[in-house]
Amino acid sequence: MIIMKSEATQEEIENVVKEIEKYGLRADVSQGTYRTVIGLVGDESKVPFSRFAILPGVKEAMMVETPYKLISREYAKLSGEESQHRVVKVGDIEIGGSEPVFIAGPCAVESKAQLFKIAEGVKMAGAHILRGGIFKPRTSVHSFQGLGAGGQEEAEEALRWLQEAGNKFQMPVITEIRGEGQVDLVAGYVDVIQIGARNMYDQDLLTKVARKGKPILYKRHFGAGIEEFLSFAEYMVAEENRDIILCERGILPLGKGRSYTRYTLDLAAVPAIQKETYLPVIVDPSHATGRRDLVFDLSCAGIAVGASGLIIEVHYNPVEALVDGQQMITPDELKDVISTCRRVHKAIGPRRNDN
Amino acid sequence: MIIMKSEATQEEIENVVKEIEKYGLRADVSQGTYRTVIGLVGDESKVPFSRFAILPGVKEAMMVETPYKLISREYAKLSGEESQHRVVKVGDIEIGGSEPVFIAGPCAVESKAQLFKIAEGVKMAGAHILRGGIFKPRTSVHSFQGLGAGGQEEAEEALRWLQEAGNKFQMPVITEIRGEGQVDLVAGYVDVIQIGARNMYDQDLLTKVARKGKPILYKRHFGAGIEEFLSFAEYMVAEENRDIILCERGILPLGKGRSYTRYTLDLAAVPAIQKETYLPVIVDPSHATGRRDLVFDLSCAGIAVGASGLIIEVHYNPVEALVDGQQMITPDELKDVISTCRRVHKAIGPRRNDN
Amino acid sequence: MIIMKSEATQEEIENVVKEIEKYGLRADVSQGTYRTVIGLVGDESKVPFSRFAILPGVKEAMMVETPYKLISREYAKLSGEESQHRVVKVGDIEIGGSEPVFIAGPCAVESKAQLFKIAEGVKMAGAHILRGGIFKPRTSVHSFQGLGAGGQEEAEEALRWLQEAGNKFQMPVITEIRGEGQVDLVAGYVDVIQIGARNMYDQDLLTKVARKGKPILYKRHFGAGIEEFLSFAEYMVAEENRDIILCERGILPLGKGRSYTRYTLDLAAVPAIQKETYLPVIVDPSHATGRRDLVFDLSCAGIAVGASGLIIEVHYNPVEALVDGQQMITPDELKDVISTCRRVHKAIGPRRNDN
Amino acid sequence: MIIMKSEATQEEIENVVKEIEKYGLRADVSQGTYRTVIGLVGDESKVPFSRFAILPGVKEAMMVETPYKLISREYAKLSGEESQHRVVKVGDIEIGGSEPVFIAGPCAVESKAQLFKIAEGVKMAGAHILRGGIFKPRTSVHSFQGLGAGGQEEAEEALRWLQEAGNKFQMPVITEIRGEGQVDLVAGYVDVIQIGARNMYDQDLLTKVARKGKPILYKRHFGAGIEEFLSFAEYMVAEENRDIILCERGILPLGKGRSYTRYTLDLAAVPAIQKETYLPVIVDPSHATGRRDLVFDLSCAGIAVGASGLIIEVHYNPVEALVDGQQMITPDELKDVISTCRRVHKAIGPRRNDN
């Protein structure tokens, strides 16, 4: 839609119409009391809107259509395709199905013993999928970067442990990749590939990961609006991989003074996204709050708001963890979280009408 | 605490020590490898920290103590005072007690008939307290400003309706004041006075309202951090009114593109605040999302995260509402919200250890 | 403009049209490939947009017109009124004229001697208007609140000093009011009334101050977008006071970790606002940065970006100041700021075409 | 520094001390009136602070030292190294020297003819370095992604054009890389490698680019605080590449309603960063504002605030540009920008004392 300035001349209006027609669309001119508004009839995605914004007499140019058509429920309906919520299958586990799914494990894999001990703990607590970080994105170059930083061999050994732990405790496994160099390697060992918040905008990485054909856990960047998040998810679906699990993990905190949580968990984004796309959405209360004493409360709230699952960091002794100990809970605490979340899920009952 | 620059001289360090001692505090000098850090021993609130920040050789000056001592649970414990969660009583209703409290009603009172019809509806749905806006804060001077804008007489009539509706349906009533000129008038008619988000920083208003001695519903500004929110709540408690109900109602949305919710509801703030202060916290899902189709989900999440109650906008026919129709639910929908929230509350069980 | 869902029925479209016509506007229906868009022809401000957002079949409802018509240059042009930049006159001083105006003085008036000494200093440095805070908005109830907090008499005495200092050094004076209770008193003593950032949304206060008929310095709230800022300025112009000086003073800082400036000075807002409204805009580098070592740089940038002036906090000995010493510069430093800013102003030359 | 809870026991304090000593640091215990604060004496970067935050009795654990030691001016002074502003040399051009440097060219290279025509234009206007985008990061997968998206051959051809244009018009050239797969290719053709805002957090990419040994233009992410920006720059310097040019290009806009600029240009960040690090800082007014009618004003402000240069998008006919036409200026307009900026630079004079 093009909004003209109130003082736009007839000639300027006609010029905009001509420009629109150049792209094979039809212009619908609506002369108002104060100004003229010109609608675009046809496929808006063919039009570079920024060009229209600087044509003489134009005040504003904006897209009316959704920029994420491939994952939009509205467009899916139009084309007669799948428009209900999609269920992403990871082995026997269904993400986006009728029951919430719990992904848990250590922030960083530190040793085989540590991983196996935690894997056993989270399995006993009721978790479905095992997480374990091998390539850690860190703010400081001087911090521990995960075992994967030790080189190809160490990375592969850690990946093997993860796979073995998954086999032993019968849980599919997930790890985060941080750069394009890790995609091939990681895809050989895990069931789900995680793309972290800091890599959300990495379109080359998205494309490369999507082509592996495995389910992807895709986290929202802490500075990304929902529209942007979904537009970038579209890069993966454009590679014909629809097994995308979206994850809300908190956006930048706002306001002066001490920050009481690491990020602001945007729980309203969960149902808002569910109304836009058929992809399932889960919540990460650990990174969002950065506080182990808030994980229980935010887990319950995440399930209550309608998330299809949670991803939670767990360590048998958080004080000993090399990374992010302050946000990890113990397997016992996880057990309490999972059982309470299940009760909350039941209390709410099946989600009302699907949009 | 004062952090010195690494190149600070001995003389500069001694000067800072002298300055600290001027305020009757003791300085604790700690000589590190790279720099010197000077702790302040004594009552930090007597010291204007900004002065220290510009003394020669100083890199950073910051307060270690909490700026909201009067409402802090930690300080309450120290002084042997009430440190558990406070229960604010409004008639028979207990906010911060064992059961969640539901406040509901129209965004704006439009007529006696409209108010009574909605009051009856929310009472039947299970609400405890009746809300109704008479003085509406609006972004545009050209929008409907509430019946209170019609002058003293019209305002008083609307307040009387509110009082009558409360009596008839046996619910205490609450309305928002927007300026100092309304305090005396409003205090004569309502059981709880609301200070809205936009007035959060209005310290003269806070003081004036607090002196009325009535319970106050105090909303966080959409640009305020938690520390700031609690520091301003302190203005009311300084007037010896401890019947303050804090309310999270959403902060500014972040990120480019369409905003899918009006604000970002910061649910993690609820338990984070509860750990800092003994005052009860409730949640407003209506203003936070600005979408009637999200109120159910965020209400459930609010109760799940541990809020002591909800404040929800209700209209029997949202399309007809003069203000904010897009975020109002019907009495029938409210009934569903309340009964589900009660089940969620039960599912979670009594809150674990208090801090 | 109303954007319909792609699956909207003909009946739903017709219903929207009927609703639009109820308000005396004409509906312009544009049937696109994917969806129907309905334009509103007539005075959009008569229409409560929120109602349309929840009519069946509606996806989005949004205003095309500017919500701040009274101060809009575009509307002024339409109605043949003043559309060029307005010059606000304060005595002989012209704000928005051909030369930048410098407002300077202490953050808080502490004593007559302190005020007079600073007044003399800023006059010598080249300042045009004297500022001095008497009612200080403070985050903590435990901090110094300005001499005005001492009661009516002390407030009046401080206001008299300000008036006397203005007379003695031949500068108009300005002070901030913080609540409605101070408006009458302050208006009797000062030439310009300041409404601070925290009171930006206080529509009752805006109305009350505007009616005094004096020039108003109106600061943008640190969480306010430009549209909101201008919409609230409209409250004052609706009282027929057009002597409004807008002031950019920084918005909330973003991002994790230490904040290197107190707020983020949004200098692009200056020309952006100037293109929207005829009101003059000035910049406050002192509160924006909260750092005396950045005031020079941001002052130069403020003038370079096209501001009509600056408001700067000055103290002969910042370390001694009771409030905000860390952001005050000395009269000597002010002299350097003013002379450099004048050179910068000249270097840029007269501003190019007005819109 | 570790701040203990007021109710911490002696045992808890001793436990923290022991933990600190485990890492080879010394603990400095300072017993205050309300609480105990424990300083860490030694190399803080060896300590995982998050562990301390969850030790029993601990209220807060925070780093006192700067996390970006390699690029810090304060640490450089300590170690007797270069601490003055660093001059990055690109051929004969000096970035961070006594004169501002202007980088200009098209947002996206579209054809050889387009590139050469613009190259000639910016050279005549006074630009020093030629920019041209070949791999474009775009929000929508459905938008034009730059010629580089056409595959290796097309990418290489476009890079050759860029090199040729640089040779012909005697300007070093710069282009943005978007993923690890482009690093080797691009490094063979350009003089400066750009890492864009969206890749700021991509530590694998940073490391890979840094190892090429070429100067790097490194843009701040729109959600990154200064501390984070500098901490990630440290990843490149850790690879012993100190030819890093930092670039401020705007952070997320804040506030409700229409956004009048694409991002918020944080000009105070320029001098704030200059006081922290010796690396030069430039400004990008094109992406920050997204409006060609604001580029002149923000360019002047960028130079006035002390930036070492500007990077500006230029097209001979912005309406025809395939990408971001709305923010490009013409070569003639660039000439005006450059000559005015030079006058502004002169008006301010040599920057005062370094720190």
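As written, the chain order gives the labels A, B, C and D, with residue 1 at the start of each chain.
Everything below uses one rule, namely that a contact is a pair of C-beta atoms (placed from the backbone, for glycine too) under 8 Å apart; a residue touches a chain by one contact, two chains touch by 3 or more.
Note that the coordinates shown come from a computational prediction; the quantities given were computed from them, not determined experimentally.
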> Which pair, A-D or A-C, has more C-beta contacts?
Replying inline: A-D
> Whole-Å distance, chain A centre to chain D centre, using C-alpha means?
Replying inline: 26
> Can you give the whole-Å distance between the Cα centres of chain A and chain C?
Replying inline: 38
> Multi-chain contacts in chain C: which residues touch at least two other chains?
Replying inline: 223-224, 228, 231, 252-256, 259
>> Based on which chains touch which, is the overall arrangement a line, ring, star, complete graph, or other?
In response: complete
> Within the complex, which stretch of chain A touches chain D?
Replying inline: 45, 48, 50-51, 53-55, 67, 69, 137-144, 178-182, 198-199, 201-205, 221-224, 228, 231-232, 234-235, 238, 252, 292, 318-327
> Touching chain D in the complex: which residues of chain C?
Replying inline: 223-228, 231, 251-261, 264-273, 275-276, 288-289, 291, 293-294, 296-298, 300-306, 340, 343-344, 346-349, 352
> Which residues of chain B touch chain D in the complex?
Replying inline: 1, 3, 5-7, 28, 30-35, 37, 39-43, 64-65, 74-75, 77-78, 223, 252-256, 259, 262
